[in-house]
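The structures come next, written out as C-alpha cells.
There are two complexes below, and they share subunit A, which is joined by subunit B in the first and by subunit C in the second.
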Partner chain A sequence: MADASSATRTSPRRRTSAGAWVVRAIVAVYLFLLVLWPTAVLFRGAFADGLGTITAAIADPDVVHALVLTGQTAVLAVAINLVFGLGVSLLLVRYDFFGKRVLSWLIDLPLSASPVVVGLALLLVYSPVYGWFGPGLREAGIEVAFAMPGIVMATCFVSLPLVVREVVPVLTELGDDQEQAARSLGAGGWQTFRRITLPGIRWALVYGLVLSLARSLGEFGAVKVVSGHVIGQTATATVAVESAYQNNNTEQAYAIAVLLVLATVLCLVVVAILHTRDAREKG
Partner chain B sequence: MATVTVPRATASPPRGDRRGARRLTRTAGFGLGLAMTWFSLLVLIPLAAVVVKAAGGGWTTFQSVLTDPGTLVTLRFTILTAVGVTLLNAVMGTLIAWLLVRDAFPGKRILDLVIDIPFAMPTIVAGLVLLALYGHEGPLGIDVSGTKLGVVLAIAFVTLPFVVRAVQPVLASLETDVEEAAASLGASRWTTLRRIILPSLLPAITAGASLSFARAISEYGSVVLISMNARGVEVMSTETYRYIEGGDTAAAAAVAVLLLVIALVTIIVLDVLQRRAARRG
Partner chain C sequence: MSIEVSQVSKRFGDFTALDDVSVSLPSGKLTALLGPSGGGKSTLLRIIAGLEHADAGTVRIEGTDATHLPPQRRNVGFVFQHYAVFRHMTVAKNVAFGLEIRRRSHAPWTAASRAERARIAERVDELLHLVHLDPFASRLPSQLSGGQRQRLALARALAVDPAVLLLDEPFGALDAKVRKELREWLRRLHDDVHVTTVFVTHDQEEALEVADEIVVINEGRIEQVGSPDQLYDSPANDFVMGFLGDVTTLGGRRVRPHDIELLTTPTRVDAVEGTISRVLRIGFEVRLTVLTDVGEVVTVELTRAQATGLGLREGATVFLAHDEPAHRRILQPV
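Then we have the complex of A and B:
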C-alpha cells in the first residue's frame, strides 16, 4: 500500500478540472454501491449485537469443525505449495529442459480454471465409485475424494501457481552470477541454495506463501465438489457459510464470513508490511 | 500495495528467459521428475480425465449437451455477462487507475484499499456481501437474487481489481513529458488522451481485461447464492455443478471442456501480449 508509484508520482497538476471531478464522482458512486456499502452492511449485521453473533456461531460444534478443517487444509496446502513452488521456480529459471514453455503455460491454468471444473477433474480421477484411481486407492485403504486428502488436493490445485508467480521474476532478476561464484569456490549445491539463492528470494517466497494461504482459506467451489460437503464432517468454512445462508441462518453465515474475511485480511496486511520492508531493504 | 493475483502485465520479463539457464544436473532432473509427478497427479491427469470423459461419450453426448436449448441459454448468458462486465471493467478500471496514479485527493490510500477488498474476500463471502445489501433481507427492499442483474453484480464485484492493478503500474511509469509536449504544441486534453495516453495503456488494459474475462466466464462461488439456480440466470459453472450433483458426469465434462478451452486460450493470448510488450521494451 505504500506504493511509491501511487504516492510520489502525482505530478504537479494544474488545478483540478471539471473532468477530474466527474471521474471522481463516477468512481466514488460505483465503488460505494458495488463494494463499500454491501461490505459495511455485512459487517454491521455480523456485529449487530457486539460479539454475540460470532460467539454464538463458535458455540456450534459444526462451525468449529468447519473452521478447524479449513485451518488444517490451508496449512497442509501451503506446505505442499512451498516445496513444489520453490522447486518448479528453480527449474523454470535455472535450467533448460524439453517442454519448459509448455510447463510455464500449464502452471497458470489453475488460476483461470473454474473451481467447479477443478472439482470435477479431481472426482473423475479420485472418486471411489467412478474415478480412474479412486477404486484402487480405496482398496488400498486410502480415501481421497469425499475426505481430507481430496480437500487438500483441491486447495493445492487452485493455489498452485501463486508461489511460482512470485518467485520466478525475482529469481530471473537475481541472475546466477553469485551462485556460479559460490560454486566455483567449492560450495555444494545445498550450501549455495541456502546461503545465496534463498536469501535473495525469501521475500518473494513469503509473499507467495501468504497469498496461497489467503487463497486456501477462501477456496469454495472446488472443495465443495470434491468434499461432498457433509456438514460437521467434510464441510470447510466457506461451505458452512453457504449452507448456513441457505438454511436461513443468516447470522451464522455472516459470522463465519466475517471470521474468514478477517483471516484473509490479516494475510494481506502481512504481505503489505513485507512489501514495504522489502522495498526499504532494496532501496 | 497488496497486489494479489494480478500478474504484472508488462513489468516482469517473461518466464523462461534464457539468462543463466543450464542443462539439468542429476539432482535437478530428480527434482523435475518429482515435481512433474505431483503436477500430473494433481492437475494433468485430472484435466485429461475431463477431456476423456467428454470425448468418451462420443461426439454425440458432447453435441447433445452443447445443442441443448437450456445449455445454449446458459452459454449465451455467461458469455454476454462476461463480455459486458469486462467492458465495464476496462472503462472503470482505467478510470480508477487514473485517479490512483495521476490525481491527488484525500483518502487515496483508502481507495487503494477498497480495490483490494474483492480479492481479500472468499468468493462465497462476495456473494453474501452483495445479498446483505441487495438481497431480500437488505435495507433497500430490493431483491436481486435469482435475477440477471444479481449475477452481473457478483461478477463485476469479483473482477473489479484486474484492470486497475494491470493499468496502475504502467500508467505510473509513463513519462509525462510527451503529454506536456503534446499540450504545448496545442493538443487539447482529449487529443492528448486519445493519441498519447490510451495507446500506451492499451496493452495493460487488454491484459487486465482478458484476466477479468477468464475469471468472469469461470466464476462460481460468488454467483451460487445469488443465481439460486433460477432458470435463465444460470452460468456455465453452476450448470456444471448441477450436472455433477445429478450424477451426469459426461454432460458436466462436456461443459467443463468448453470452460477449459476458454481458460487456455486466455492464458495463451495473455502470454503473447506479455512477450510482445516485453520485446517492445
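Then we have the complex of A and C:
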C-alpha cells in the first residue's frame, strides 16, 4: 500500500500535453462552426418571439399535413425495414448462395448513391407518364410516383442499410452455435428464431431501427424528386421546410426545421440509452 | 446397438471428411471418437446429431432410421465445444429450454399449466443438483467459469432425456486442470445416468481414461474399434499404436518405451547392448535416450524410483530387452 502511494507521488498522473490542447481546440472550433452555431441560429429564429412561431406554423393545415405525412412515412418505412432488414441480415449471415456479395454490395448502395439519383431512378420505373410500370399501375388504380407509396419506397431505399449494417455484425458475432443447440433441444425454426436469435440481436435491431427512423424523418432528396412536392398533398416536412424558405416564409421554415431537429435528437437520446443498457447486459 | 452408422460419406468441396464409414456404437456405454484434428470425428458426430447431412449412407438411432430426420426430432442431446449456452437466459432457464419447448400448451391460468410449470421447475432443480450448479440457478452464463458453463450445457442436454448424448470435444476449451476434473466427473455421471454417450476427443489420455469403447478415426476412415486395453495392447496398425501412446523402435520392432526392460548386466541372452546418451526427468518419470551397438536410437521410460535404483547416468552401458505386453502383464501384475 505504501509502495503504491509513493509511486503515485513520484509519477503523477499523465498531464495533458500542449499538443492535446491544440487538437481539442481545433475539434471544438470545428464543431462550433459546423454544428453548434447553425443549430443555435435556427433555434433563435424559431423561438424569436417565444412559442409564437411554432404555434403559428402548427395552425397552418399544410404544415400539419406535411408533419403527419412525414410521421406516417417514417413509421411505415421503419416497419418495412424491420421485416426486410431482418430478412436480408439473416440471408447474408446464415446462408450461402450465388450472388451473396452482389447483394451485400447492393445493400450498401443507398449509403453511397445520392438520394436524388435514387428518386430519379424510382421515377423512371414508376412514373405514370413515362415509367416502365407506371402507366400500367395507374390503369390498375395504383398511384406510386407522386403519392405516398413512392415516398415510402424512396425512404425505405435510403434507410434500409442502417438496419442491415447494425444487425449483420452482431448476428455474425453471435454465431449459430446457440441456434444449433436450440435445434438439438427440440426447437423448430420459428421457435429458434423467436427464443434464441431475436433476443441475441434485439438491441442491434432496435438501434438500427431508431437510426433508420431518424434517417426517414430527415430524408429530402429522394422524396422531393419522387413526391412531386405538392404542398398540402405530397410535401413531407423536409420538403415543406425548403418550400417555405424559398417563399420567404422563413419563420415557418425555422419552426418545422426545429421540430425535425427535436425529433432527431429524441432518436439519438433513445439510441444512447439503448447503448448503455446493451453494454450493461453484456458486461 | 444404439447407433448404427452405415456407409456414411461426407465431402466438403474437395475435402473428404468421411469415406464410407460404418460403425456400431453400443447402448448405455461411454464411447470415444478419437483421432487427430481434421480426421472426420466431429463430422461423424454432427451427422449422428443431424446438424450435418451425409452425402451417402444411413444413420439409425435406437432402431429408427434417422438419416433424414431434422435434429429436433432425433431425441439426441448435443454438447458443443464452446458450450453454446443461451447467453440471454439464466442458468435455470437454459436447462428448462428443452422442456419448455416440449411443453404441451395450456392456457397460463389453468391448473394443468401450473402443474406443468411445477414439473419443469422440479426437473431443472434435479439437473442443476446433478451437475452441482444449484447455487447458480439465477445467474447469467457470463457469470460462470468455463467448467461451470460446460456443466450447464450438459445439464441442458440431459434435461430432455435424450436417447443419446453427444459431446463434441467437450473439454477442449478448458484448461488442463479443470479438464481432468471434468472428465472424471463425466465418468462418474455416466455411471449414475447410463445414457448412451458418444464424445469426440483428440486427446488419447482422455479417451483411455474415460471411455468404455474407443473408435479411432483418421483421414475419414475408421482405423480400429475396441476397448481401451485392446487398443493400447494390440493396436491394429502403426497409426493406432502411434496415436495411443509413445512409440520407439528396438530390434526393428515398434514398441512402447515403458515396455522395454532395462538391465545393467546382460542377464538375458536377447538383450541389446547400448549407451545412455541422454537422461531427461519429466515429473515422476525418467526418459532415457539409448544408442545401441547396432546403431538404433531407443527411447526408454522408467519411473524415478527405478532409475535411481539402477543408478543410471549419461554414458553408462545398459542392456535392453522387450517382451510382448501380454507376457509382461502376467509376469508383473500392475
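In this text, the second predicted complex is superposed on the first by the 269 of 283 C-alpha atoms of A that agree within 3 Å, B and C clash if a C-alpha of one lies under 4 Å from a C-alpha of the other, contacts with A are read in each partner's own complex, and residues count from 1 in each chain.
Quick note on the criterion: a contact is a pair of C-beta atoms (placed from the backbone, for glycine too) under 8 Å apart; a residue touches a chain by one contact, two chains touch by 3 or more.
Computed from a predicted structure; not experimentally measured.
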Combined model on subunit A: subunit C and subunit B, fit or clash: fit
Touching partner for A:F157 - first (subunit B), second (subunit C), both, neither: first
First, second, both or neither for A:L31, with subunit B first and subunit C second: first
First (subunit B), second (subunit C), both or neither touched by A:P199: second
Touching partner for A:A121 - first (subunit B), second (subunit C), both, neither: first
Larger contact residue set on subunit A - subunit B or subunit C: B
First (subunit B), second (subunit C), both or neither touched by A:G52: neither
Which of subunit B and subunit C A:G188 touches, first, second, both or neither: second
First, second, both or neither for A:G136, with subunit B first and subunit C second: neither
Nearest-approach distance, in Å, of subunit C Cα atoms to those of subunit B in the combined model: 9
Intersection of subunit A interface sets (partners subunit B, subunit C): 177
Residues on subunit A engaged by subunit B in the complex (per definition of touch): 1-3, 5-6, 9-11, 13, 16-17, 19-20, 23-24, 26-27, 30-31, 34-39, 41-42, 45, 80, 84, 87-88, 90-97, 100-101, 104-106, 108-126, 130, 132, 153, 156-157, 160, 162, 165, 168-169, 172-173, 175-177, 189, 211, 214-215, 217-221, 224-225, 238-239, 241-242, 245-246, 250, 253-254, 257, 260-261, 264-265, 268-269, 271-272, 275
Residues of subunit B defined as touching subunit A within the complex: 1-2, 4-5, 7-8, 12-13, 15-17, 19-25, 27-28, 31-32, 34-35, 38-39, 42-47, 49-50, 53, 92, 95-96, 98-105, 108-109, 111-114, 116-125, 128-134, 137-139, 153, 156-157, 160, 168-169, 172-173, 176, 189, 211, 214-215, 217-221, 224-225, 236-238, 240-241, 244, 249, 252-253, 256, 259-260, 263-264, 266-268, 271
Parts of subunit C lying in touch with subunit A, wherever the complex brings them together: 49-51, 70-74, 76-78, 80, 82, 84-88, 97-98, 101-102, 142, 153, 156-157, 159-160
Contact footprint of subunit C on subunit A as seen in their complex: 177-178, 180-188, 191, 195-196, 199-200, 281-283
